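Across the two complexes that follow, subunit A remains constant while its partner is subunit B and subsequently subunit C.
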Partner chain A sequence: MKISATDLNKIYKKEQALNHLSLTLEGNKIIGLLGKNGAGKTTLMRLIAGHFQPTSGQLEINGQSPFNHYSITRDVCLIQENYNFYEKFTIDDILKISAVFYPNWNASEAEELVTLFKLKRKRKISALSKGMLSAVGIIVGLASHSPITIFDEPYIGLDASYRSTFYDLLLQSYQEDPRLIILSTHLIDEVSKLFEEVAILHDGKLLLHEKAEDLAENHCIVSGPVKEVDKAIEGKQVLHQSTLLGQKTAILYDQEIDGNYDSLTFSKASIQELFVYLTKEEVVKHGDRN
Partner chain B sequence: MTERLNEDQPIFIQIAELIETSIVEGDRLANEQVPSTNEFAKHYQINPATAAKGINLLVDQGILFKKRGVGMFVTEDAKQIILAKRQERFYTHYVQPLLQEAKRISLTQEQLLDFIKEGFSHED
Partner chain C sequence: MVTEIKNSLYYFSRYTVKTVLTFWGIYIGFITLFFVLSVTTDGTIEFTGVNTLPVTIFMVIFGIMFFKDVFPYNIKLGISRTPFSIAVLIFSVILTTVMTGIAQLFLVFVNWITEKFNIDNFAFVGLNTQFANFTDHNTLIYEYLVNLTLFLLALLIAVILFRLGFKYGMIVLIILPLSLFIRSVASTFVDWLSYLAILHNNYHPGFFLIPIIGTSLLFWFVVRNASIVDQISHKG
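And now, the complex of A and B:
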């Protein structure tokens, strides 16, 4: 499957949610779609699922627009944070409808998952707790076996233990049936090891899209005595730096350090740390503002 | 292989090093099978492609070989290759930081050597 966005714009509720976004996601991979609140992630995922049309630009799946094309959208399963299911339906109803809607639906897998998450099939959606609702979303997402499966913050209300179960299930399901899985979450530290690729949106644009391993290789944290660090990072683009007790730490992205520095140590940041440094708004002290 | 992964190094390198360590320590002998990509992925909750990259790194270095349809196995020379590699970097990875800290806290050469001798005498 191939999702391609070209110069994609979406104005949603009078806000420019996506701003000339170009991005290609393809292959059977688990891809992390990251971004701060309001970066445009949910808008992009809903465009992929065909919920609405772009304001301008193209969004295509295998060369076709998903909007109003069931031949495309039946291959896409989007599980959102909430409002996935009609409130008056029971879990049983949801499973039956999903079986009709998703061509690759795996009923026995869905059954097993209902048991695993200890759900009561006769319960109405409106009577479920947040955690149980998330579990239903996860079950539908996994059992759909959709060629494009998208989870947008799928585990609100799920505790750390069930979240870990979800990661196990996701990996297992992916290994048995490799497909394009897009996972969007703010709990980056928990899931970053699951990603093969990472795409970060910022202000409706693509900030970066890389293999997770390359992201790890393309940056470094340099620390050591202030003078030495300053010498090493002179003229480089620095993501973040801080100094304390005569020691300095600087994070570089996409930059080589040349030369030999005995007194410096080099280490790696997590994807979550990198994400924070790449997208964070700096706090300005009162009085420093112009 | 129950060591935890950390953030300091790319995960695929840590996977490669875990396998190397198990070979050096004699947990895995020549011609024995190592865990599959899927087993690593499941155990460490990591992407299978990441695990595969770590394993392939060792294939490239002649430490593992692939038996088609069966899995990955330890080569005859694996242990020698790993020993040579790790001995070569021992000075920069372990001795240099040791000396740096010794200097920082004013340990003399004699005191340092005594520590090392003491350490060796506890070995058996």
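And now, the complex of A and C:
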């Protein structure tokens, strides 16, 4: 499956959710779609699922717009943070409906997951706790085996143990049936090991789209005395810099430090730390990744 | 498209069955209660029930609720908007058939009981017994067409409010009632209505096709590019 966004814009009344976004997501892989609140992640995912039309620009899945194209949307399963299911339905209703609508639905897997998450099939959606509701979403997302499976913050209310179970299940499901899985989350540290690619949105634009491996390797944290650090990073692409008690820390991306700097320390950051550095307002406004 | 329509109809059936059963459960229970009261009080209570009106009210209220409860979820499950609209039209015909059919069966059953046991103080009437003496037209078809038309009109009102929000939706919807204050418009409207009134000389059941087709086309026109975000509740 290939998702291709070209110069994509989405404007809600006066608010621009996506701003000339161009992005390509391709192949069977788990992709982390990251961004601060209001970055445009949910809008992009909902456009992929055909919930509404873009204001302008193009969004295509395998060369066709998902909006009003069943041949595309039947292969997309988007599990959102909320409003996934009609609240007067029971879990049983949801599973039966999902079995009809998703062509690759795995009923036995769904059954096992219902047992695993200790859900009662006769309970109404409106009577479920947030955690249970998330579990139903996770069950539908995984058992759908949709060629494009999207999870948008799917585990609100789930405790750390069940979240860990979800990550294991996701990986297992992916290994058994490789497909394009897009996972949007704020708990980046917990899931970063699952990501093969990371796309970061900021203010409706694509800030970065890299393989997770490259992202981890191609950055460098430099720390040491202010003057030394300034000298080392001069003319480089600096993601973030901060100074405390005469010591300066700077993060470089895709840059090498030339020369010998004995007084400097070089280290690596996690994807979550990089995400924070990349999306901090002052970096984007003033640094614009220099 | 056939798969989409079939899937949508399956979703609609799961959504509808409990509501319809609840309605008939309450309604039959209510009538049974009055029936038992009439019999046990031996003539001191006289009860006259009208069978048609509750079904018609149900069709209008259900039509208003139906759209917002099914449209977003059907689209989330991958259905396109045109097959959804066709499925809604087919569902409207099926629902009207079921509701009008049950209403008639219930009417026949209650009247059979009252005749069988010679119960004089319990009368239960439908459109057929009310109008049958005044017209040659089939009152059952009339009841069916009224229910179907009102259900489709309620759906159209619901989709306009869903798409445009309360403020703009009401502005659009109020155009017709406000225009009736213009004498010529009101006169034309009443003339048109006469073609749908069973006791009027102009009446013919075929004229119901005009509002049925009209509301169906307008429904499709509003839905065909609609976002699934409800502009009233902003849920979706």
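As a convention for this text, the second predicted complex is superposed on the first by the 278 of 290 C-alpha atoms of A that agree within 3 Å, B and C clash if a C-alpha of one lies under 4 Å from a C-alpha of the other, contacts with A are read in each partner's own complex, and residues count from 1 in each chain.
The rule is short, and it goes like this: contacts are C-beta pairs under 8 Å (C-beta built on N, C-alpha and C of every residue); 3 or more make two chains touch, one makes a residue touch a chain.
Fair warning: this is a prediction, and the values are worked out from it, not measured in the lab.
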Partner chain(s) touched by A:L206 [first = subunit B, second = subunit C, both, neither]: neither
First, second, both or neither for A:K268, with subunit B first and subunit C second: first
Which superposed partner A:K193 touches (first subunit B, second subunit C, both, neither): first
Partner chain(s) touched by A:F89 [first = subunit B, second = subunit C, both, neither]: second
Touching partner for A:A5 - first (subunit B), second (subunit C), both, neither: neither
Set of subunit A residues, in rising order, touched by both subunit B and subunit C: none
Complex contact set, residues of subunit B against subunit A: 5, 7-12, 38, 41-42, 44-50, 53, 96
Contacting residues of subunit C [partner subunit A, same complex]: 1, 3-4, 7, 10-11, 14-15, 18, 69-70, 72-73, 75-83, 224-225, 227-229, 235-236
Complex contacts: residues of subunit A adjacent to subunit C: 49-53, 68-70, 73-76, 78, 83-86, 88-89, 93, 96-98, 100-102
In the complex with subunit B, residue positions of subunit A that touch it: 29-30, 164, 167-168, 171-172, 174-175, 193-196, 212-213, 216-217, 262, 267-270
